[in-house]
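Quick one: the structure is below, questions incoming.
As written, the chains take the letters A, B, C, D, E, F, G and H, and residue 1 is the first residue of each chain.
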Amino acid sequence: MAKTQNKELKAKNSKLQTPLVGIIMGSDSDLKIMQDAALMLKEFAVPFELTIVSAHRTPKRMVKYASTAVERGLKVIIAGAGGAAHLPGMIASLTTLPVIGVPIKSSNSIDGWDSVLSILQMPNGVPVATVALNAAKNAGIIAAQIIGTSDETISKKISDYKIQLEKSVMDKVKSISEEWQNNFDEK
Amino acid sequence: MAKTQNKELKAKNSKLQTPLVGIIMGSDSDLKIMQDAALMLKEFAVPFELTIVSAHRTPKRMVKYASTAVERGLKVIIAGAGGAAHLPGMIASLTTLPVIGVPIKSSNSIDGWDSVLSILQMPNGVPVATVALNAAKNAGIIAAQIIGTSDETISKKISDYKIQLEKSVMDKVKSISEEWQNNFDEK
Amino acid sequence: MAKTQNKELKAKNSKLQTPLVGIIMGSDSDLKIMQDAALMLKEFAVPFELTIVSAHRTPKRMVKYASTAVERGLKVIIAGAGGAAHLPGMIASLTTLPVIGVPIKSSNSIDGWDSVLSILQMPNGVPVATVALNAAKNAGIIAAQIIGTSDETISKKISDYKIQLEKSVMDKVKSISEEWQNNFDEK
Amino acid sequence: MAKTQNKELKAKNSKLQTPLVGIIMGSDSDLKIMQDAALMLKEFAVPFELTIVSAHRTPKRMVKYASTAVERGLKVIIAGAGGAAHLPGMIASLTTLPVIGVPIKSSNSIDGWDSVLSILQMPNGVPVATVALNAAKNAGIIAAQIIGTSDETISKKISDYKIQLEKSVMDKVKSISEEWQNNFDEK
Amino acid sequence: MAKTQNKELKAKNSKLQTPLVGIIMGSDSDLKIMQDAALMLKEFAVPFELTIVSAHRTPKRMVKYASTAVERGLKVIIAGAGGAAHLPGMIASLTTLPVIGVPIKSSNSIDGWDSVLSILQMPNGVPVATVALNAAKNAGIIAAQIIGTSDETISKKISDYKIQLEKSVMDKVKSISEEWQNNFDEK
Amino acid sequence: MAKTQNKELKAKNSKLQTPLVGIIMGSDSDLKIMQDAALMLKEFAVPFELTIVSAHRTPKRMVKYASTAVERGLKVIIAGAGGAAHLPGMIASLTTLPVIGVPIKSSNSIDGWDSVLSILQMPNGVPVATVALNAAKNAGIIAAQIIGTSDETISKKISDYKIQLEKSVMDKVKSISEEWQNNFDEK
Amino acid sequence: MAKTQNKELKAKNSKLQTPLVGIIMGSDSDLKIMQDAALMLKEFAVPFELTIVSAHRTPKRMVKYASTAVERGLKVIIAGAGGAAHLPGMIASLTTLPVIGVPIKSSNSIDGWDSVLSILQMPNGVPVATVALNAAKNAGIIAAQIIGTSDETISKKISDYKIQLEKSVMDKVKSISEEWQNNFDEK
Amino acid sequence: MAKTQNKELKAKNSKLQTPLVGIIMGSDSDLKIMQDAALMLKEFAVPFELTIVSAHRTPKRMVKYASTAVERGLKVIIAGAGGAAHLPGMIASLTTLPVIGVPIKSSNSIDGWDSVLSILQMPNGVPVATVALNAAKNAGIIAAQIIGTSDETISKKISDYKIQLEKSVMDKVKSISEEWQNNFDEK
């Protein structure tokens, strides 16, 4: 099912647009989390690519991915990893692009603390823009916000998305007011 | 089922009494926790209202809710949220009423630590009266205690409630003394 | 020096007003933190008393203090303690009044975590309204807010205090704008 | 089933022996953990009693239990509680007997940290001998060891128990050596 | 001294350029950390503004700052705060711009954990790009990287900066090789 | 100074009484903490011995110390250690006596967490009665309480000590009531 | 099934080769984790033995195991334990061989923190080479790497293993590129 | 002073022996910790080299260092780093040699937790043998133990070192027995 959805997504996506955002992750087991970044970018119509780059099992692939990112046209890289999560920070050391890190609570993680700290606590000079544990969706939004700083079509879509977020809350407000007294909205 | 219970609760509650306590939460997924505050206030016959106010998705609704709380007759606000939980603290910044914060262990929380710390650790000048993780029931009790400082009917009900708490323990004492030696009570 | 300040404070305070707020703490070494609650109540002209009640060294004094609090006219109790901090919770078990707990980072505390958790994590039925680590000042504000729910003079003072808080920020805004570009306020 | 086992246990135990160890806990939901202390004492033939004493819901019962413990013939008290766990420490404040604390990972606990810290971190002068999270069995052993300091029959039983512990390991050693090479024991 | 340096900095900066980056912080006590973001942007020649915006003491100023950020020409906002740090997340809720959060280990923080978690753990839909504790310098670099995605002059400066970082390491390599054997570089 | 005090203490102590309590520690740097246990036992007139036994540097000494403890007349062993603190647990594995563990925040400890957890979290069957971080004084009290279960002279001294603890609080109560209003005690 | 696999493994292994690596663990319940070390060594054709040695239940067996390790021909010892995990550190205190510690998240562990800290935080002079929580496989690899420092056949196998690791990532890269756009590899 | 000591050390060391151990660290500020590894290897007469290799500032130097380590004759690599410490894990991904990681509590670290977790929690397949926080001395010992598995001269020195450790404890035992009663050793 997820597979079908993604295939359809790929079909829609593969217009041979040059990707502006590279989404990478340390393992295919991270895909179920990281695809939220992809779906978010899809919603914002930001072209992206997605693959596996393992800091620990394919270090030279990682060096090449990061080193060629600018020349290949990428504007932002989203990197997700869990446990002793070195991928986002190492990518950041190898490119001048902004790198967004997604700490993943993977099976070998101690409640996510290792993932968060080994992505967030980068030394001065080599930052990773870190999102919440497992929050790949938010990584997708930040990537779109970055592209949106120079592309009004995208920034307009983010603005619409925020309006939608608000509307979905107001729908819930209405729904639960059928059961619970709510003088604030009934006034 | 929960729904039916709440409807009944609303029916009993909606006597057009002015609510003294406002119960708000960041998301409808928090309702299963936060309804314990409502049920407790119902038991103490303290009129309340309950709705959703999201700090992050409806910030202007939040400002309006807090800013109008005094004039609408509220005496206490109970606010529940999880993860980076800003609702209780932001409400506290916008009203002079006492604000009770309920840290919720929501799905995006790291074992509840983020919820607890982002509600509890308010700076000097802008307090939030924080209860235990998921302890919405206790938030309801504190709200009733506050109302009870100037309403003897309510403070009498809290006194009765504490007697009931003690009695329920004594019932258990008796029940397990059928199986386990207990010289203390048999004396 | 602190002593002189407190003596003067006592002189002003000892108008034989019945205290509405009781401030207690486990040890005299907590006084340097807990006096912030007293100074805040002084500023709000809420009459209070302050003494030492140790849960672990004077348990019977603690029982008596809590049990007689209502009849002595107290409306709120502020209790501060550090380490395995049992005072606030035990007071809450012995009175129907709202109890505000101040976790103190005392010399025997593990970075304050023990103080916070042993005050905050009270079971259902017996709440403690907890403030941030060492935030006795905020405990004083919550106590005043509670009194203010039925005393407009006090609630007006809290309102003034919040205006003052805002003003002190705006003074700082002006001060640092002499050195740093600030188009927002210069507009 | 557990019930039957306990009834049988009570039948065996209720020889009207004066209990030497008092086992108490904050709630009947703690019984599934705390009964391990009872079963251990049973195995060592140390007479004990077991009941519920809630620090927060029955504080005066708690004061009476601790204050009369010496005169009732108890030598050791084992107290278990979870969350903001005040029972062991408060009992310790009210008796000169050694008090063994069992931190319980109850439903309202943050992974057991609150239970551990609010029992362990007692101030100087009022100790609680704390065991591992949920380790009621070990509390039973310490109680027996204490009784054993002046009762050679008991200390002999503890000695036998340790031999049994060792033997059970050696049985496992033999069992897994059927599958795994083990030159150490085969020598 | 710091003051003089900053005045000079302001003198250089106040060319009436429209700021592209807004640097805000909850308190003037955060300035000693947050000025590192300003100095970094200065080095990259990215125009910025800097002021105090307190979520808890000036909530309406905060709403206005965030709501007008786009129209005032800002492309990125850097927000620093400590303890229950709500400023970055609330700004993010009120603007479509990318928001970079700097957790500050302020005097009321529990070793920085509260600052980190209350900035990082934002819910889906409202991200904050978080940097390491106190790492305002890295926030400045990310802001420049974001501007650099559509401004080659800036991205070139970031590239130069990375080369400089590497060079400073190689200088240290040379320096310590005078005292320690180093066959790798001597080869 | 400490040295002189201890020498005097030894002089008083070395009446060739058989020690009932053995105090051991992993390193002489732990002595400044562990001497509190000795001073407490001195106050209770419980004969003790004190030496260094390192689990990691003198493992065979440790085996011998624990194995011969019963025959040498010891009734209780107090063991203090820091970091990966194995001494208390290993002693417990080698004797049937009750073992009291003192977690020490030594220079190689991560804020004391390692010391606490590696002493407290013993497996079922091999308990260590653990006290608070650095709380050697409390270890001394528990040892005396254990001896006191079969020695009324000692248990009387503990009772006197508790009265003294209470009295010292009441002295402080009186002292601070000169400066702060205290209606509770003035009644 | 696991049993059959292990028997087969033993059959293959029991060529009466002298084991170079000793794998020990505190309890047979640790075997499901620790067998990963064995399987890894099997893959690298490093002869090993595996048994149970409990620090707390069989301390004298532990002393003997460690003390005879060198003379029995072992080159490395892998020790796994959970909770207050003393086995690896105690083995290290009793042998000159390198000791690899595997922290196990056993049933009595607080999320693994106790296991990690009580193995990792060894004092100066007595190291344990610690791997990630439950990472027995990595312990097997380190053991093989150590043997490989003087055995080229083994080091060649490790080299092949790393190539295999990389290849397995590249297979996944190919597999997910059927669904997701990937310009990096398609170039 | 330290400088002079190191120069002398270099003088002794630079006999053009091929280093067997490479000691690297992320920054020269780590040298004050990491030199303990060097001094330990010096004591064991294991030839080593020492330099700075920054994962984040000199990633390509890091790749080259690790990739050429085997051919340059190294047998073990010791890598120290703090904060989001990626150096040890990345080196491990790029070589078949055993890699020992030293977590350093550097100025940008959150009490060392980030350093420990980002070095220790490596995924299956790519281990780092981790020592305690700041325990570079222990890293030196493990490196010597590894060399010692195939070099009896070295393993003999380690054996002597352990005897020396024990002797230094026994000296302390004697020293404090002048002040404190010690029946164990006096027997």
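We adopt the following convention: a contact is a pair of C-beta atoms (placed from the backbone, for glycine too) under 8 Å apart; a residue touches a chain by one contact, two chains touch by 3 or more.
Here the structure is a predicted model, which means the values were calculated and not measured.
Visitor: Fewest touch steps from chain B to chain E?
Guide: 1
Visitor: Starting at chain C, what is the smallest number of hops through touching chains needed to reach chain G?
Guide: The distance in steps between these two chains is 2.
Visitor: Look at interface B-E and say which pair in D-G, A-G or C-D is its repeat, using the rule that over half of the contact pairs are identical by residue number.
Guide: Among D-G, A-G or C-D, the interface that shares over half of its contact pairs with B-E is C-D.
Visitor: Could you work out how far chain D has to rotate to sit on chain G, using CA atoms and steps of 5 degrees?
Guide: That rotation is 90 degrees, given to the nearest 5.
Visitor: Roughly how many whole angstrom separate the Cα centroids of chain C and chain E?
Guide: Inter-chain centre distance comes to 35 Å.
Visitor: How many angstrom lie between the CA centroids of chain B and chain H, rounded to a whole number?
Guide: 54
Visitor: At what distance in angstrom does the C-alpha mean of chain H lie from that of chain C?
Guide: It comes to 50 Å between the two C-alpha centres.
Visitor: Of all the residues in chain C, which ones touch at least 2 other chains?
Guide: 27, 57, 83-84, 108, 110-111, 113, 116, 120-126, 128, 132-133, 135, 162, 165
Visitor: Can you identify all of the chain pairs that touch?
Guide: After working through each pair, the chains in contact turn out to be A-B, A-E, A-G, A-H, B-C, B-D, B-E, C-D, C-E, C-F, D-F, D-G, E-H, F-G, F-H, G-H.
Visitor: Applying the document's contact rule, which stretches of chain D touch chain F when the two form their complex?
Guide: Going through chain D, the ones touching chain F are 70, 75-76, 96-98, 100, 116, 120-133, 135, 137-139, 141-142, 145-150, 155, 158-159, 161-162, 165.
Visitor: Any idea which chain F residues touch chain G in the complex?
Guide: Per the touch definition, chain F meets chain G at residues 26-27, 55-57, 59-60, 63, 83-86, 89-90, 92-94, 108-110, 113-114, 117-126, 128.
Visitor: Which residues of chain H touch chain F in the complex?
Guide: 111-113, 116, 132-135, 165-166, 168-170, 172-173, 175-185, 187
Visitor: Note which residues of chain C are touching chain F in the complex, please.
Guide: So the residues of chain C touching chain F come out as 3, 6-7, 9-10, 13-14, 18-19, 22, 27-28, 31, 38, 47-52, 54, 57-58, 61, 65, 68, 72, 83-84, 108, 110-111.
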